[in-house]
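Letters A, B, C and D mark the chains in the order given here, with residues in each chain numbered from 1 onward.
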Amino acid sequence: MDTGRLEAFSDGVLAIIITIMVLELKVPHGVDLGALWPLLPVAVSYLLSFVYLGIYWNNHHHMLHVTERVTGGMLWANLHLLFWLSLVPFVTAWMGENHFEQQPVALWGVVMLMAGVAYYILTVVLIRHHGPESALRAAVGSDFKGLISVVIYAVAILLSFANRWVSLALYVAVALMWLVPDRRIERSASTH
Amino acid sequence: MDTGRLEAFSDGVLAIIITIMVLELKVPHGVDLGALWPLLPVAVSYLLSFVYLGIYWNNHHHMLHVTERVTGGMLWANLHLLFWLSLVPFVTAWMGENHFEQQPVALWGVVMLMAGVAYYILTVVLIRHHGPESALRAAVGSDFKGLISVVIYAVAILLSFANRWVSLALYVAVALMWLVPDRRIERSASTH
Amino acid sequence: MDTGRLEAFSDGVLAIIITIMVLELKVPHGVDLGALWPLLPVAVSYLLSFVYLGIYWNNHHHMLHVTERVTGGMLWANLHLLFWLSLVPFVTAWMGENHFEQQPVALWGVVMLMAGVAYYILTVVLIRHHGPESALRAAVGSDFKGLISVVIYAVAILLSFANRWVSLALYVAVALMWLVPDRRIERSASTH
Amino acid sequence: MDTGRLEAFSDGVLAIIITIMVLELKVPHGVDLGALWPLLPVAVSYLLSFVYLGIYWNNHHHMLHVTERVTGGMLWANLHLLFWLSLVPFVTAWMGENHFEQQPVALWGVVMLMAGVAYYILTVVLIRHHGPESALRAAVGSDFKGLISVVIYAVAILLSFANRWVSLALYVAVALMWLVPDRRIERSASTH
């Protein structure tokens, strides 16, 4: 089996998740820009999650590009990832509507931590089926960035009890780390 | 005609169904995790339906993979299946918001029973057009798991009048039975 | 240009339209089946529109299958069709929630009439670019069913002022007429 | 990497954006056409944004058609465009529900201006990777229409403080300018 339909389904789910988040930007009744002011935390929260989902889509795109065949295990590892990502609109809205209170900030991190673990599991399942000499194995490498991200999420969740703005700064830092495109896979892919 | 667009459309509908279910997780007003507590039945209900829709997507993926041509009858058998699955978000929300009361639990089973019957009809239509010697026929076999699932749904619906938790346990049991990937088709497909 | 992306985009829009209609089935607060009773007109309205959108998707699928190239004019003729179909969830909900009152029933017919005209325009644009000797021309023929449908919609809209149930019967009759798959195109396509 | 998945994901997001806008057409409680009257500004606003999103989809379709390879930078330039377009349902609803008041009209223009800039950036990124002799470069040319559109948006935003109907007329003028299909790319593409 090839990866076409797995990619198409994941694209569909990610496109919907990214787009329904914007439904939380409830249209205000006022007619001046001041009426939009209370929406600012929701909008910032949306922007952060949009970037995260963009990162997931980009990395998913790169990784599936060097995947050669699909098994039942991969389908479920992928659905497991999509399950956690499907919760992103909920925790994004909860965090934004509550002006980045401590517990919503921590829960946003928990969902991202679980999504990070799910992505790691997907990586492991994919590599196991492609062998240590595969282009995929060479491209993904040790997935250092994936592991360090999960560690940072865990730290950010704990630190949220002390200072939730530090947690948010860590979430932004992880995003910036990933915004540098994953040159390992891109370089590897370009040689195939 | 090939199966490409049939798969793409089904993927789209399934991706949307799976994702709009999460809209039932209404963002609470409280700012602590306790405010999420009343959402637990809705979340459990969502998880159960997510797994079921994942199973449908996986099986649909496997079956269409060994399908060689598409007819008008198949398009309608597929739309019939999608119709019943489109009702899943509704019955999932009704079951979750009412804390697994008897009648919502029974109705969830009715929709799954109808979806199971629709899937069986799709299987029959597909096999009829591919002949008894086809890879599809060999792969799907007698579809024992599909038939037994429909029987279990019927039993669960009846038992819900006695004890709705037994019904839920049966729903979970069917999901576990399917989480084992359908090795028959996968094995068959891998030889093509 | 080939038709791939035109089909993919149309599939996406149709899949979303078909699925968001079900959001109008608002989850009731009651826990017994009696609480679902007031939803019956909404559900019947949903079923009718689901079948209509299924017919559009099927016919669109068949017609694009024998389309060989895409021009800017076709993209806009297709978007025009999607615009009218995007209004279907609105008129479906208005008709269902108002228990098939006269004016909602008439407006549902108006949107279907406009969609029918838009489909006819798309057919004309496609045929003009493929020539009188094309497989498409032979397959679509004179599009008698398309034209008679538009006439029936117009009659049903007018008759709704006298008896809205007659209008609904006509809507059902059109659906039944189309549920017979379009054998002209299928036969033609199978010879290519 | 080829452009397939980039197109599929963009199609998905655009299809969802275009379709969820219609959810702002809230079903009224009245049963006569008069009950729809208050929805007229929302419907006009929807029509304007539908046409704009159709234009974006068409141009995106044409441009990606002559794109030969995809890099990480392109994925992000594309996501940047989708981010601004994802805000269209929000500003469309705000503008429609407030009967084209000055500040909502201006904000609609701001989002379109940012989307126009994002599209221009995407064009630049694509051309940079394809070289001055590429079919893409020849097809896109100096993108005069793109630049003039952004200038008109800026003028319309400023003029909205004087007369918001002039701004709306400018928005409609830009749409009409684009409704003429982009013959440059189409002509170029047809020679490949």
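Just so it is clear, a residue touches a chain if its C-beta (ideal position, glycine included) is under 8 Å from a C-beta of that chain, and two chains touch if they have at least 3 such contacts.
If you're wondering where the values come from, they're calculated on a predicted model, not measured in any experiment.
Rotation relating subunit A to subunit B, from a C-alpha superposition: 90°, rounded in steps of 5.
Where subunit B touches subunit C, the two copies mostly use different residue numbers: shared numbers make up under half of all numbers in play. Centroids of subunit A and subunit D (each the mean of its C-alpha atoms) stand 26 Å apart.
The distance from the centre of subunit A to the centre of subunit C, each centre being the mean of the chain's C-alpha atoms, comes to 37 Å.
Residue positions of subunit A with contacts to 2 or more other chains are 8, 12, 15-16, 20, 23. Within the complex formed with subunit A, the residues of subunit B that make contact are 7-8, 11-12, 14-16, 18-20, 22-23, 25, 27-28, 31-33, 36, 47, 50, 54, 57-58, 61-62, 65, 179, 181-183, 186, 189. Chain contact summary for the complex, subunit A toward subunit B: residues 1, 5-6, 8-9, 12-13, 15-17, 20, 23-24, 71-73, 75-76, 79, 82-83, 86-87, 89-90, 93-94, 97-98, 101-104, 107.
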